[in-house]
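Alright, structures below, take your time with them.
Next, two complexes with chain A in common: one pairs it with chain B, the other with chain C.
So, the complex of A and B:
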């Protein structure tokens, strides 16, 4: 009797999970086919098959420019977020769960505050400034958003690295700096790569702060947003599809690195 | 004649300090280490109180004690990871307390192997040499030698997580000695290995020590390991040294009941001091003469302690000159070369008797009655605390 009930509830659980997955995936499954449509407007189901909207994307300097800004800002944000996150993780290493939770909670603050409020605040502060300052501000804001991901990725791997490994390096004759550079960092390198990839895409996907802060500069999400409000051409679908593909690939690559980072230290 | 010198050195060492200076003609020898009144006080606890120990060049000294006895603190102060609160520490007469670990030129093997996970075996062993900017060809040669010594000559290209526990520990050892330190520290290096491997590694460590001639400070809580490996043992308790001596001295002539109970097993018979330097032992129902060496007339209660193997099973007649007593076997533990009997004395106390056996020796079942004899010379007396 119980086994039948358990089997039933387990089936319900699977069904529920499948529905949630479907709900999350439907927009993707709609967008990607639309990008191949031959029509001049967004059509579902797509009519015919064409790569011309991908071609249009790469021939339009506005799209390419937006892609360039997105990549540039994302790289800079990740370059800020990863070292900052590693510092935070080094501080939290081997500390009690309470301290870790408080600090991680504080870091998550930027994520919990509605981004629109954050974006509005940043806009009000940066409004009088032009030139490169907004770029710096957006980069730092994105790095802040990525910080908790970096800490959450690096900290467990760092905790898994036995301190005696670094002590052994010292006894081999390494100064603290040499031990950190030649032993600690390389030992956790896969986690750093994973953290970098995640940070990159936290920034790459972000719309609100970039939209509010930049006056003339467009990042890819800003460009998509602008396009949606003006003319709904399948170029949007093409751009979005590429964004989806890149993000998916990044998540897989990042996760693979994190798994590798842990497994290498697992059997100490 | 390097080989001959080595062999002589190894023989010297087996006899411990009594043999006087151990002269080693060939390679670099170990360094002398002198701890004087080293203290370590944490906010509320005294981890080490006035730790003084002189270690000879090339000696193998074990710090033996339970966790919290201060042995690891002493080792960390020598390694440079813990700052001493007071006292001096010299290596070959030079104070090293102000030097960071990397400047002390001391090798160290840790309990958890602590290999660098992103480097191959050869890269791990080469690391100390690379830091010292040794030439590439020289590095290759010395890494090869070190791996050869630990019998891992063909494992240079492996990654640490592809090795077994024993192999990893041998790599850690090769890495710790490849730069030819004159002092080698080992912090419970065999703790993570299983019993068989541990025994094999003990033999290996003895061999490495004989080959290298460096001074070794070995930390363990395993008294069997300490007895098997050491020239001298410092038994530690509560941040102090309870006794320093050769393994035989520690085992045969313990200074205190603590040492007697921590190293090996021992039966304790509480007794009362009586006039004329005699001791009354109610458990044995007799009064015996105390050796003159047992001083402290004020101590009313004195414990007589006897190792299980020193309690002999005797015939009814031949207990002359021994303290004799009747007993009943309660349980027999068969250990192969010995049988360990848990026996109840007539007065009720339960003690352990270890009896050497051969294939022809019968095992006495529970309930057997027997007569026990204790040679006066094998008994130890300690004031009861």
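So, the complex of A and C:
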């Protein structure tokens, strides 16, 4: 039933989609070649090829310190978010209707409400404190922001998982915890890895809460934010290029794990 | 438990009894406790704190709200925030719709891969995405260099620090979200409906307009409302890419917190942002639902 007109509109559709991808990706891809430029300013087309701005990043204790804080907070946030999210997903498993909508809605609420309001509230409470309290609060807040991603990753896989295997374990005398540890967790492991990666990056990229709460500590986004507003040195281009590369790699790994998790169960 | 081992010995029967109780164990509400605790501490509590600071200084007061609504500056910025958010949300939906349609009409495997590509920018922080515009469109950035090399202009064009670039960057940040939401809605549309319309003699365009478009309306509504609410809180984009005439409420909150140290005022601005967001999103969702209600659908 394909007519000439349909073929034409389909070509338009392809073209439109390509344009949208360009619009989404080109600004990101342009930075990467510029970060290898030898010049002291950001040049396009890049002049020569040099790794000196990457060297400058790794020799600067402030950048390294910021990277360390970001990685540390992100790992802790993911370690909180994944178990909490998996518990919530276990509760939602095999349920439907209003309960699921209410719980998912509440979890998404933290994502949709402007982060600056949460950041402000946290700042107002933690302002008198220094030391480890702000770090703990920022970590928990990042974990909260990551929760909906964990549930969205784990719940579909849990729902596909055949309950009879767990039931068999229980019949053979396993306690609920044993059945969960030895049957459920191995079965959903790829989804857990995916959820961990996504949670890590939710925290790793987060600026507002860290910016408002930390007074002396800098995470990577806070440091980039401070630098970008001063001057545009190639060191920022090197830092952001590494972030883009790391994020892309992690998303591919996370996505592959999730696809594997669902296809593995679908094959059964 | 329809397949309980009823025919087996006493010991097994006792085990099957335990399995029956497994369902109630598995569904117990304590599983929600960690998530609920996180939400209470990091979501509900901060909002309550902001409310409290906005209404209490030495005693209960409305002076901060009076300050906001009595000042032309804040009223202008509030109105600007609403306009920016609405325009950015509408643009994201209009541009994102064909992309969502493209994805939804691909075979499953290509669909998943392209979706991952569209979603990729979502994982790169909006700070970096905004910074990349700053580089791309700077005076000596790639865009100006290319235009000058092509002879299209002999002077670098001033792209930055204006309304256009703020809209472009906002749409770029929102677009993956808009596409995903509308795409998810489109997946649930029965392709047989379109086929039926075609068999009954509708042209592809007519079938699309009269069948597919109305069925995808709820996805459009969701995308529009979510993009709008997300835009209200934009902070990085207007700060880095706009001038003073592009400042939005979040930038005012930042200024009140970090520069003028008027924390009560910042809290009141936060409450206004939250309530205006909820109100406008509600009205928007209601209005669209009214416009696309079954009474107006093709019969």
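Here is the rule we go by: the second predicted complex is superposed on the first by the 262 of 268 C-alpha atoms of A that agree within 3 Å, B and C clash if a C-alpha of one lies under 4 Å from a C-alpha of the other, contacts with A are read in each partner's own complex, and residues count from 1 in each chain.
One rule holds in what follows: contacts are C-beta pairs under 8 Å (C-beta built on N, C-alpha and C of every residue); 3 or more make two chains touch, one makes a residue touch a chain.
Since the structure is predicted, the reported quantities are computational estimates derived from the model, not experimental observations.
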Chain B versus chain C as contact partner of A:64, first or second or both or neither: neither
First (chain B), second (chain C), both or neither touched by A:174: first
Touching partner for A:51 - first (chain B), second (chain C), both, neither: neither
First (chain B), second (chain C), both or neither touched by A:147: second
Partner chain in contact with A:249 - chain B first, chain C second, else both or neither: neither
Touched partner set for A:106, first chain B, second chain C, both or neither: second
Partner chain in contact with A:22 - chain B first, chain C second, else both or neither: neither
Residue contacts with chain A in the superposition, chain B compared against chain C: C
Which superposed partner A:91 touches (first chain B, second chain C, both, neither): second
Which superposed partner A:189 touches (first chain B, second chain C, both, neither): first
Residues on chain A lying within both footprints (that of chain B and that of chain C): 167, 170-171, 173
Contacting residues of chain A [partner chain B, same complex]: 161-162, 164-165, 167-175, 178, 182-183, 186-187, 189, 264-268
Parts of chain B lying in touch with chain A, wherever the complex brings them together: 79-81, 100-102, 105-108, 110-119, 127-128, 131-132, 161, 172, 175-176, 179, 185
Contacting residues of chain A [partner chain C, same complex]: 1, 3, 5-6, 9, 13-14, 16-17, 20-21, 23-28, 30-31, 34, 41-45, 80, 83-85, 87-88, 90-91, 93, 95, 103, 106-107, 109-110, 112-125, 137, 140-141, 143-144, 147, 151, 167, 170-171, 173, 176, 198, 201, 205-208, 212, 221, 224-225, 228-229, 232, 236-237, 240, 243-244, 247-248, 250-252, 255, 259
Sites on chain C touched by chain A in the complex: 5, 15-16, 18-19, 22, 25-27, 29, 31-35, 37-39, 41-43, 45-50, 53, 95-96, 98-99, 101-103, 112, 114, 116-121, 123-129, 131-136, 138, 140-142, 145, 172, 175-176, 179, 198, 203-205, 226, 229-230, 232-233, 235-236, 239-240, 250, 253-254, 257, 263, 266-267, 270, 273-274, 277
